[in-house]
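The same chain A turns up in both complexes below, where it pairs with chain B and then with chain C.
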Partner chain A sequence: MELVVEKMDDVTVVILPGEELDASNTKEFKSDMAPLLQAQAKVVFDLSQLRFVDSSGLGSFLSCLRQLNATGGDLKLCGMSQRVRALFELVRMHRIFDIYTTRDEAVRAFQPERGPQE
Partner chain B sequence: MASNDTTPSMSKAHGTPTVTAQGEGPKLSRPFLLRPEDSCACVIFGASGDLTSRKLIPALYNLACQDLLPPGFAVIGCANTPMHDESFREHMCQRVKPSPEVLVFRQRLWDEFVPALHYITADFEDPAGYQQLGQRLSEMDREHGTNSNRLFYLATSPSFYATIAKNLAQHGLVSRRSGAAGWTRIIIEKPFGHDLESARRLDEVIHTVFDEAQVYRIDHYLGKETVQNLLAFRFANAIIEPIWNRHYVDHVQITAAEMLGVEHRGKYYEEAGCLRDMFQNHLFQLMALVAMEPPVRHYGQSVRDRKADVLRAVLPISAKDLAEVAVRGQYGPGEMQGKPVPGYRQEPDVAPNSSTETFAVLKLLIDNWRWANVPFYLRSGKRLPQKMTLIAIEFKRVPHLFFSETPQDQIEPNVLTIRIQPNEGISLQLGAKMPGPEMYLRQMQMNFSYSDAFGEFPATAYETLLLDAMQGDPTLFNRSDAVELSWQILEPVLEAWQATRAGTAFPNYAAGTWGPARADTLLARDGRAWKNATTLPRFYVTEADA
Partner chain C sequence: MKLVFHPSIWLKLAIFIGVLALLTSGVLIWTAYMFARDILIDQIHARLTVTTSNRQAMLLAYIHQQHALVRLVASPVRLRRLLEEYADDKIAGAAFRAGATPILADAQKSAGDFLAIGIADLTGKVIAATEETYLGKDVSAEPSFVYGQHMAYLGLPQLTRGRYQAFLSGPATGPDSQLLGVIMVVLDLSLMEQLLADTTGLGQTGEILVGTRLGDTVRHLLPPRNDPEIIEVPLASTPAMAEALRGHKGFMHTTDYRGVEVLVAYQPVRYQGWGISAKIDVAEAYAPVERLRLALLALEAAILLVDLVALYVLARRFTRPIMALAKTAAAVAAGDLEARVTVTSSDEIGRLGTTFNHMTEELAASYATLEHKVVERTRELVQANAELAKEIAERKRAEEQLVQAHAQEVEIGFKIQQMLLFEQPPRDLPGARVAALTIPSQTIDGDFCDFFKHSDRCLDVIVGDVMGKGIPAALMGAATKSHFLQALCRLIALSPPGKLPEPKEIVTLAHAEVVRQLINLESFVTVCYARFDLERRQVDLVDCGHTTTVHYQHSTRACALVQGENMPLGVSEWEIFEQITVPFQPGDVLLFYSDGLTEARNGTGELFGVERLAGCVQTHSQLEPEELIDQIRLAVVAFSNSERFGDDLTCVAVKLEEPELPHAQVEIEIASDLPELRRARAFVREVCQNLPGAPLDEDSTSQLELAIAEATSNIMRHAYRGRTDQQIQIGAEVFADRIVFRLHHLGESFDPGTVEAPAFDGSREGGFGVYIIAQSVDEVRYLRDEQGRNCIYLVKHRHTT
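== the complex of A and B ==
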């Protein structure tokens, strides 16, 4: 999986390249993310290209969030299509993640005074 | 905020979604949960104890994260340790933050959840505590809208169960009717009784206060996804049922192995032992789920009826057969992962000449049409080389050795292994031809892994069970008759082992080994062998389980 990684100030933005994140590529995604999660504390996943994520994909997001959380870091999500958002809501994960409409909003939210949008 | 537009209407708390967002694309396979409609106050007796901070509050926090607690939900912790609301909240925060049980600790979600936590300092035997509890419950009704819906959770030492139940009744805190005036339910932790007689006595007291329908005897094993999946595996797959009987199954093994020793639970364990701690509840429930007839519905009494039928059909163990069908053991000093560990008799709060078993095996026969003469071998122990709970169903060998003219002179049987924990999943062992000019067969595994298929959702069993109790669904809880039947099965073994102290026969296995040699002999006599690390190396890695 060719993850596109960009740096915005001290925030690492990961753009998920494929349209689907499911049992077929979740393992690869997690192994690609592993070194990045060890090195970075502030991470944004840009999901604007993603059209479908299944429970294993959602589980991998949760796993990334748990890893970052354990070391004092954080993960924020942005660019979610309505459909992907609905999948998050179906399994009630939408409250656990900080979800933003745009990448800029997600990056800015790492500044202490900004919280997640409602 | 959660939107309801993608959530199909369901009449039951759990269901498998049949639609996906926008009604297209692959289906999500994770069952979803619905929030209980009735607000309620959950009173946890023993709130300063380990279970509350390690399991119950993390589970409730996880439910809150997923917006699955009813509106106005409140917890009243109740224990002897002096605390007030604020110090209780702070104590819980310190324990929940690093807990591996929580989905993820988010300060904003904790801040939303924590106002639900309350605490009263009370002695369980002092009427003043129950008066105070009554006042706090009335406050909850007024301020949280809990509408006299009360879920009592007994997370105390079992010696307080009867006292608490009686006091609740005496102080008018129990309603036996559910309706506009609210409902009352009680969750009771294991062990439920110490033997058949004490279980009956406790039931008598409980039933003077609560109807059986209000009593939720919790066994957290039953809330595990993999245990619930046993029902799905058996009854949602048409190819399974025709071979699930004495015609095809040679025998069944159920193992619950722990690497840990008795740790700080010496006092409890000295009184309990392996049979009471593991067999009476966890192992018998797993056996019942494997062996039961198809229930009519997957909720309510139907599953419980069928499970009770299995326990009722277990052939009683007679004292004269005991040596043939039961093995007990106790670990001595040994090595775990290269480090020396003490024996059971050297553990804190354990008698130096203790006869308490830390390992047991039972061979049981289920005397019914489906399982006649199919042995069920149950095994559990502490300080074994691997942490694993598994069910292995070994099928009969092929009737004709088709490969007799080839170098292959034996064909191994198919084995279906259901891994309850860890590395949750199911695998089927099949024989396959090895590539090459000769007909050599090798055993290979068809494997289903939960984490590969569904990702890593660290949902705890307690979430499921607490939610079920709030919804009034008793399916995954133990019913009175099943508890009694379990004690009845164990009674002759408990009595015999009590009567004949092990003395110098214990310890009879070294920590870090698979129990006493007699455990292997018991199966070897029947021409069988335990499924251990040697047969399942890919799925059980000791380092990961320490």
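== the complex of A and C ==
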């Protein structure tokens, strides 16, 4: 899986490639993410290309979140399609994750002290 | 606490001797006392009598003396001449007085006890006296004057100035004995007092009384010594004096004027009717005898005491060796067979001791023998006991093993039943709904049933019952069942494609396989083999001695009983099985069962019976077959009033319906490899978008896609444990109101009940799959399909807008 990673200030934005994140590829995704999670504290997943996520994909997001939280970092999600959002809501994960509509919103959420007026 | 009294020998002897001594000395003392008393009374009698007569004599002598003295006073001639002259009035009173007074004074001087002397004339007037005070006094009323005119007379004593005095009188007569006057003397009674006061020999209470009778009273002449105030007493209160006054003489034991008991002697004085008595108080009279009695009692007590002491000493001497013997006997009784008595004398007790010692020796000898025997016998008993205990333990173990074996048999039978004898009926047969029920009994019998689904339009139902019970019957049932399956397989292999072997052929072949065994085992199997042809709406039935099949006919709303004529399997090797064909219509119900159902009994022994069963089917024919069977079960339970049955209870209901055919039916097969998930999802999407009529809405499609992806990946990862070389069949059927997906696999079956609830707080990464599936479709079932595959059955309703 070729992850596209962009750096915006100190925030790392990962754009998930491919249309699906399910049992067939979560293992690969998790291993690809592992070094990045160790190096970075502020991570945003851009899910705008993702068409389908199953419980395994959901589990891998949870895994990433917990790894980042454990080292003082945080994970924010953005660009979620209606279908993916429906799954998150089905299992109440929209309460666990910080979910933003756009990538900028997610990145800005990491700099709360500057405020929206700037 | 109860006090137990053990009288010892010496106490018994003491009581005996004591009573004897008491009796003896008591009699002696009593005799002596009575004797002494009699003597004493005689003495007192004599003394009192003597005293009485003595005093009487002395008193009488005293009185006579006074009489003589008074006569002497009247005797001088000069006095009589003076009296004659005075009576003839020759001299005056004064002259008389002058002449008479010196004469009287002389007389007074010569008689010492005369206090005064006077002369009364015949009218009772004192005409001369030694004391001036008496002169001129009229004494005519005095008894002394009255009686003194005729004789000397002593009047009753009177107390005057502290002294007892009495008038003493006597007549003064002339030469021709004519009465000239009366001499009146005042007599001092001191002498008489002294006479009566002398109680010598009568003790402290001795008393001499002189009394005279005045009407009903007794007048004591002189005051009694013991109570000087009592001068007059009633006659009745002093019986002795009363007797004396009556002129009797005697002695008596009576009470006196004081009411005190006295001994008294009495007699008349023989003067003026007076009586005299001498008496003494009984208390004093008997005092010596009382003293004697006390002395004797003291003596008796002393004798008794000495007796008892002597007796104690003696008894001790006798009982000590007996006590020693008893002590030794106790020691022997306690087991000391070496104990011996020391023999110190040669008398009876000594001989007893010697005999006892001898006996103890004998006892010791025989005890030793006995002990030996007991030891021997005990050893034998212990041995016998040990053998018995061993035997009991063995028996117990055998029983336990038996119980265990029985429990095991029941369990094995139950397992056989569940694993080998029963099949779950197919649930997804369009046009027929099948339900089966089995209630195993404690004793397993060989009920069995099986279902072969040849296609959606054709189903074989086999219900059988092996004669007999227990594991052999269960195994026989399992064997018979597998022979049917084998026969079916072999015949299908031989049949041209698309053509199924007839039930009678299958039964015949299966029978050929089992008949020898059944005959050898002397068992048989009743079977009903029914083939439902849903296309032609008929059931082909081979009934081999099985229970009557109940056929509820929707058109008539009544039950018909269907029964073939074949013998059960294993009865005849040459049996030719006949097949009957029964047509049916949608709404009909066919019920197959084992005889455990119809032969359930109620309290009075009545059978449930096929009519009752048919009635039950008829009543509940509108229900789904599962519910119908449950109603039948409840009816049997209510009838027999028990949840447990003597026989297995097997029941299969087939309800025929108007078949609902799917509008579309598609199936793909994928490998159990995770990348294949994409194909599965694509298949779902394709089915949903190409539905006859309108395509499924996007949300429902996404939910189905998610559910099937989750289910498929579960099968790959868990049922197949990650093996990638297995197949998964995904079938889809589209109906007017729903879409049905079936995921068939041969991996491990899955029980959704064992899955943990998902963690919505994000604390666990997995565990969402089953939940997601259940939330994404309208119905989900995990079941085994007619081919024995595991199947996940998912239904999504179509919302026609």
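Quick note on the criterion: the second predicted complex is superposed on the first by the 112 of 118 C-alpha atoms of A that agree within 3 Å, B and C clash if a C-alpha of one lies under 4 Å from a C-alpha of the other, contacts with A are read in each partner's own complex, and residues count from 1 in each chain.
Assume a residue touches a chain if its C-beta (ideal position, glycine included) is under 8 Å from a C-beta of that chain, and two chains touch if they have at least 3 such contacts.
What you see is a predicted model; the values in this text were computed from it and never measured.
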| item | value |
| --- | --- |
| Chain B versus chain C, judged by how many residues of chain A each one touches | B |
| Touched partner set for A:D22, first chain B, second chain C, both or neither | both |
| Which of chain B and chain C A:A86 touches, first, second, both or neither | both |
| Touched partner set for A:F52, first chain B, second chain C, both or neither | both |
| First (chain B), second (chain C), both or neither touched by A:T12 | neither |
| Partner chain in contact with A:L62 - chain B first, chain C second, else both or neither | both |
| Touched partner set for A:H94, first chain B, second chain C, both or neither | first |
| Doubly contacted residues of chain A, that is, touched by chain B and again by chain C | 22-23, 52, 54-56, 58-60, 62-63, 65-66, 83, 86-87, 90-93, 95-96 |
| Residue ranges of chain A touching chain C (in the complex, touch as defined) | 20, 22-24, 52, 54-56, 58-60, 62-63, 65-66, 83, 86-87, 90-93, 95-96 |
| Interface residues, chain A side, partner chain B - complex | 22-23, 26-27, 52, 54-60, 62-63, 65-66, 69, 82-83, 86-87, 89-96, 115-116, 118 |
| Chain A-touching residues of chain C, taken from the complex the two chains share | 674-675, 677-678, 681, 699, 702, 705-706, 709-710, 713, 716-717, 758, 760-762, 764-766, 768-769, 771-772, 775-776 |
| Sites on chain B touched by chain A in the complex | 1-3, 5-7, 17, 20-22, 25-26, 28-30, 32-33, 65-68, 103-106, 108-109, 451-457 |
